[in-house]
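Structures for review follow.
Okay, so chain A shows up in both of these, paired with chain B first and chain C after.
Presenting the complex of A and B:
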């Protein structure tokens, strides 16, 4: 009965409604992305709409009906970030080099305004004079008034103007003021009005105009800026800035995101300020991930073995042991952070010591491993318990009959079988802990690091937290370099995982 | 099949268009968009609801963000089509945002500049261009507990002597601690009191680009007042953890507190015993950062066609006595504008911190403090000094020399930007 309904017109109606809703949402997002200039996102969403409609209203693509959501999500949230990171790693994307070259040229031109000696600012009224955009200027200090158009300046006698109580001219013959609400978006607001040939008046706000001269001009043919005051030439330095030909260190701001190809990768090896911390962080990351997996697995297995035997209260013990896994890890980490506090922490209270856990590199690393053991052992306890149940008891009995003692049975039979079953999980755990950002960030913040000696990487920084430090850790961000390190991490984790998977031959069962 | 596909797509597209067209956010031609954080945003909305015609012919729309970090994140990611015309933010955003081409400069008349203390413009300037209007003052001052201390200390040594004499009998947990602003921003007045200002000024008010503190003198003061041999004497903790609670509980006699949290102290019965941190000598009190929050003009105002109007809003609302009085009625921070600061409606708390700032303060110059030419910024190196000396027991003078080198190099690195 239900099948009949679902297969009939009702099914078509349900499908139509669902696809319509999904299409509506995606089209809305696509339109919004398009309106905000995010054309790549808009394009992707539009293609997704077409694919969804084609797939679910066509009989040719039955398998795709199951795969399409996964493919789209994988593309949006896995492949695209990887590709974006890869692309960004080839750019000098950092503080001072955020915008496009076109935007940067516009900003440099807008900033290249030099005020006159007195930084003169006049009260103005924006309007029209003899069919041209114009401003009525009140030079109150000198009790003088004039009208400026982009090309000329016309004196206006005091008698001809109508002034307000502060002496600011509000109207003059042949001058038509603009309504306040029309000024900002009008052509008149963007004009440069004649002042004295060298300087001009720019509309500063609705009631004021400031005297400036242009100090730099852009020459598009040569793609250079020329100083109108010194004659210096500023040329594209192929690193996202215009630099003075005579003094390369003098650059114009802002810069732009410029492709620098492999320079970020070269820095990883050539720049000792990047290379040295990177090496030490890499070594600690390997140690941390390895020790974490070893300690978590060993402890989890130990408990699993202990509770594999029929003892009184086994169920209660099992429930208690799973509790750390059930707690949100963020909470656990913060609680442990408090327990390790030097002055008020429970651990120092128990030990009766004053250990500065997070100030000393060795203690901080020990604390990190200990907390991670707490967070991770229940998982290995659970999987080890399951794996132990899966080992055929005949094998153990056979070994016992052959005269093996308990230790030999564990070493020669149980452990090898367990490792064969759990290898994929151990590799996955290693890869996860290689990038265990939460633990490091919340517990130690990567520290301790000796700031006064200029240390960039902290003693407990792992590659991912070090990358975060470079990308967002302070006011000067270097997203390009951080992307290069991220790509490096990606290949490292992928290589290690692939090696581990091949060694353990876990994929053989899928072939 | 084709017929079915197109029929399905047509229905779906029709629904989608209906939904899509209903949400087309676009900035109106005569609309000025202001972004602010979770407290300033709603307070601006209230202010503008009471009087909306600050810029005739223009509507001001305020968008509030969940917190200050969310606002910073949003302005960092803003583009010409999504960004605001004005953002009310921290002064130390100016250097970075200007460097990234997100801020546009504005020019004030002499009378408009005169409404503010000239040092406040340092906070909002980068490469000699002004990018915003000072809105409210953020500063710290030292408060002392009159139940413990009968009169204001005259020198740093007075406070240390009091602590040593009463530590055991009054169960004091520290002598002086930083409750507001952290161990870099909030603790500058302690650095300064002991002889280490982040930077110094010439007599004409400009920054002295070659002077830095004397590490021998500063290190000697740290040894004299804060150490007992190589270990901390307990007078000044290296972290701000627990400071506020301890002060309110009466176990710390002196604390550096922020003006934004004054109401908490008032609620506990504390009165306005505010003062600068006394110096090693009576005539040299420690200078606290007297920074301002700013209403900053963005480059997006020009692309939205409202640059002139946005500048008018900055000058006529954010930078005027009437505007700041109206706004601070809700925001309750010390107004930056002189007329508003002296207005009768400004509370004692607002005025008290303002008076302390006038007695001894130093403008917060982002180009120097955020810079890392010396390998670390002021913000990273300052707390590291306290940790190195007071926790790790490293030599106060040797570490002070490292600190001086970092600050000196940061000053040199910023020389062209200030």
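Presenting the complex of A and C:
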């Protein structure tokens, strides 16, 4: 009794400490998220805090006590990314349109600089003058020196400065130079220093400042940019960019991610440059997944049939045969990559050939199928062996009594039963290989692809690796389009998987 | 004798043929890992003299912080294996045993989520973690902590689903009896469910360990600094197409990295094979 009370007290104390720590951590994170303008994340964290405290201090929330941590993790790192993928697929979200509109406006303003006609550059020292950030400028050509703050410029007489041997001013009265280590991180480096009203001096590096003027101004009321040089107006083109009213093709960089609704999906079907590679990649994905399942299954089944009798050495065979399946697949795929090497690889050596396996589409595809056969046949050997044992021997005996020969028994009795037992696994394997990213990425990288033509889809690219290339490849990164394809794949795979689940349900009701 | 030949010869031919196919690449890797020159080229299929030069390079060369990679992999996979099962088991228990509103919907959602290949949401995970990095540089993209969180989230769907299946198979009489004796849900969980489930929890957590150790693409996306990489990413980047130069140490590295996984797998074979027929595919 007493131990129970003590145990209860200890448990309560542990609970209090744990909840307090979690609350403190999440609260800190929530605050800093809020401070950086990530309101959605801050909100999620705040709700999580409330839920945690409510759940673990109320007596009425028993089931929640058990699954809240799991649900929070699932929501944060699986559910939210899935929904976010859906959202991203309706946005024009790609290289050049990566940031928010506010950030883009700021960036355009900061980039809209035009040098003066001589592209003047001065030697400068960054520092402080009369309590405001300032630069000490040496106009060596005119043998003149001045100090500029953001609003004003103060001439300094030649006598007052200390100059080095090149005539560059190093210090001046009342001017405090910054330590060089502090400059790049300081606000002083980002200021625009007064030059003559129109033009200003921007800090280029530690000792140089260049003369610029602003070439575009933002008019918040109309949400347009106006060129200060030509007077042209740049308007929001509803596609994530400001475009010149007189020439729609002239847009300001960078753009922002803008909702374009179904345009990514429409591109999948209408834009030839997207549709044609997508179709060929889709066909190869289906061929790859089908061939993989067929080869893996038939080799596995053949082995299972061969070893379905207690022959000598069966256990040794079995323990060797599972090795490919026991190896970490990442390592195996990389090892196979080396074996297919053109100059040094073992395969060419054995064949006595110089085949450039990964430069030729047909050879590359054959290699992918072969390696996947190696990776997967032990799985089907194991499950087929299991399934063969599960077939009642009376059935086979009955068939034999009826006068069927071994081949007939296999074709008419064993195989149909096996297929019925294994069909959910065959479907699951198809769904898995449909998205077998690691194999493609690590073995061929999706190639060979014609990079000179800017082709993104390679000969061995399956949908998922193609999507990865679109989102994270070396060319233009188009997260919006990639997300749209992801959504498409999801529906394909989900319907395949649901079909598999239904099959296994049907099976359960049989047994 | 002829009968024996007729009945069994083909079995051995297939058995030996497939064993050769299965072992061939592994044998070659072992061979080249002990080959002094570390060359990819196979000069002879029978080792002439055994050299440990590649293993020495692997553990001493500054370009390959191999031990750090191994440590990273074991730590990340170990943490995910334990934490995901601790959290997942509690959820599975609730979904299997407790009554609450929206349970059916929750289970259906779980079924759907665990079908969703995590890699499809890769871009979204990347963008979200990039944003997290802005306010919490220790948790966002580029950090092991962030990677672990994403792994944990991803492991939830499958683990809860697997464990729920197991909890369903424990006879309900046991915890109903406990309930009648006045045990709370918490007490039932800790005193009846956990001791019963301990072996299964161990197996699921080891499977999680293998899966995480083998994960490549998220780790590749997250771990940019050489020192923070897992062994899979580290070796992939190290070999990076330079088969002729780095093959020897790579071969040694891939063997050392595979040993723990192969050992775990072989010792769990019985459970994995029975799990296979239940419809789970190793990633």
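Convention: the second predicted complex is superposed on the first by the 313 of 511 C-alpha atoms of A that agree within 3 Å, B and C clash if a C-alpha of one lies under 4 Å from a C-alpha of the other, contacts with A are read in each partner's own complex, and residues count from 1 in each chain.
Basically, contacts are C-beta pairs under 8 Å (C-beta built on N, C-alpha and C of every residue); 3 or more make two chains touch, one makes a residue touch a chain.
Note that the structure is predicted; figures quoted are calculated from it, not measured.
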item: First (chain B), second (chain C), both or neither touched by A:35; value: both
item: Touching partner for A:441 - first (chain B), second (chain C), both, neither; value: second
item: Touched partner set for A:179, first chain B, second chain C, both or neither; value: first
item: Chain B versus chain C, judged by how many residues of chain A each one touches; value: C
item: First, second, both or neither for A:112, with chain B first and chain C second; value: neither
item: Partner chain in contact with A:462 - chain B first, chain C second, else both or neither; value: neither
item: Partner chain(s) touched by A:343 [first = chain B, second = chain C, both, neither]; value: both
item: Which of chain B and chain C A:124 touches, first, second, both or neither; value: neither
item: Touching partner for A:25 - first (chain B), second (chain C), both, neither; value: first
item: Partner chain(s) touched by A:278 [first = chain B, second = chain C, both, neither]; value: neither
item: Doubly contacted residues of chain A, that is, touched by chain B and again by chain C; value: 32, 35-36, 341, 343-344
item: In the complex, chain A residues that touch chain C; value: 29, 32-33, 35-36, 38, 41, 62-67, 69-71, 73-74, 76-82, 84-85, 88, 299, 302-303, 306-307, 309, 311, 313-314, 317, 319-332, 334-339, 341, 343-346, 349, 374, 377-379, 382-383, 386-387, 424-425, 428-429, 431-432, 435, 437-438, 441-442, 464, 467-468, 471-472, 479, 482-483, 486, 489-490, 493-494, 497-498, 500-501, 504
item: For the chain A and chain B complex, residues of the former touching the latter; value: 15-16, 19-28, 30-32, 35-37, 49, 53-54, 56-60, 95-96, 98-99, 103-104, 107, 110-111, 115, 119, 121, 126, 179-185, 189, 203-208, 210, 253-254, 341-344, 356, 359, 448, 450-454, 474-476
item: Residues on chain B engaged by chain A in the complex (per definition of touch); value: 1, 4-5, 7-9, 11-13, 15-21, 23-26, 29-30, 55-58, 79-82, 92, 95-96, 98-102, 104-110, 127, 129, 241-242, 299, 302, 305-312, 314-315, 370-372, 375-377, 379-381, 383-385, 387-388, 391-392, 399, 402-403, 406
item: In the complex, chain C residues that touch chain A; value: 8, 10-12, 14-15, 18-19, 21-23, 25-26, 28-29, 39-42, 87-88, 90-91, 93-95, 98-100, 111-113, 115-128, 131-132, 134-136, 139, 149-150, 152-154, 156-157, 160, 184-186, 189, 210, 213-214, 216-217, 221, 232, 235-236, 239, 243-244, 247, 250-251, 254, 257-258, 261-262, 265-266, 269, 273, 276-277, 279, 281-283
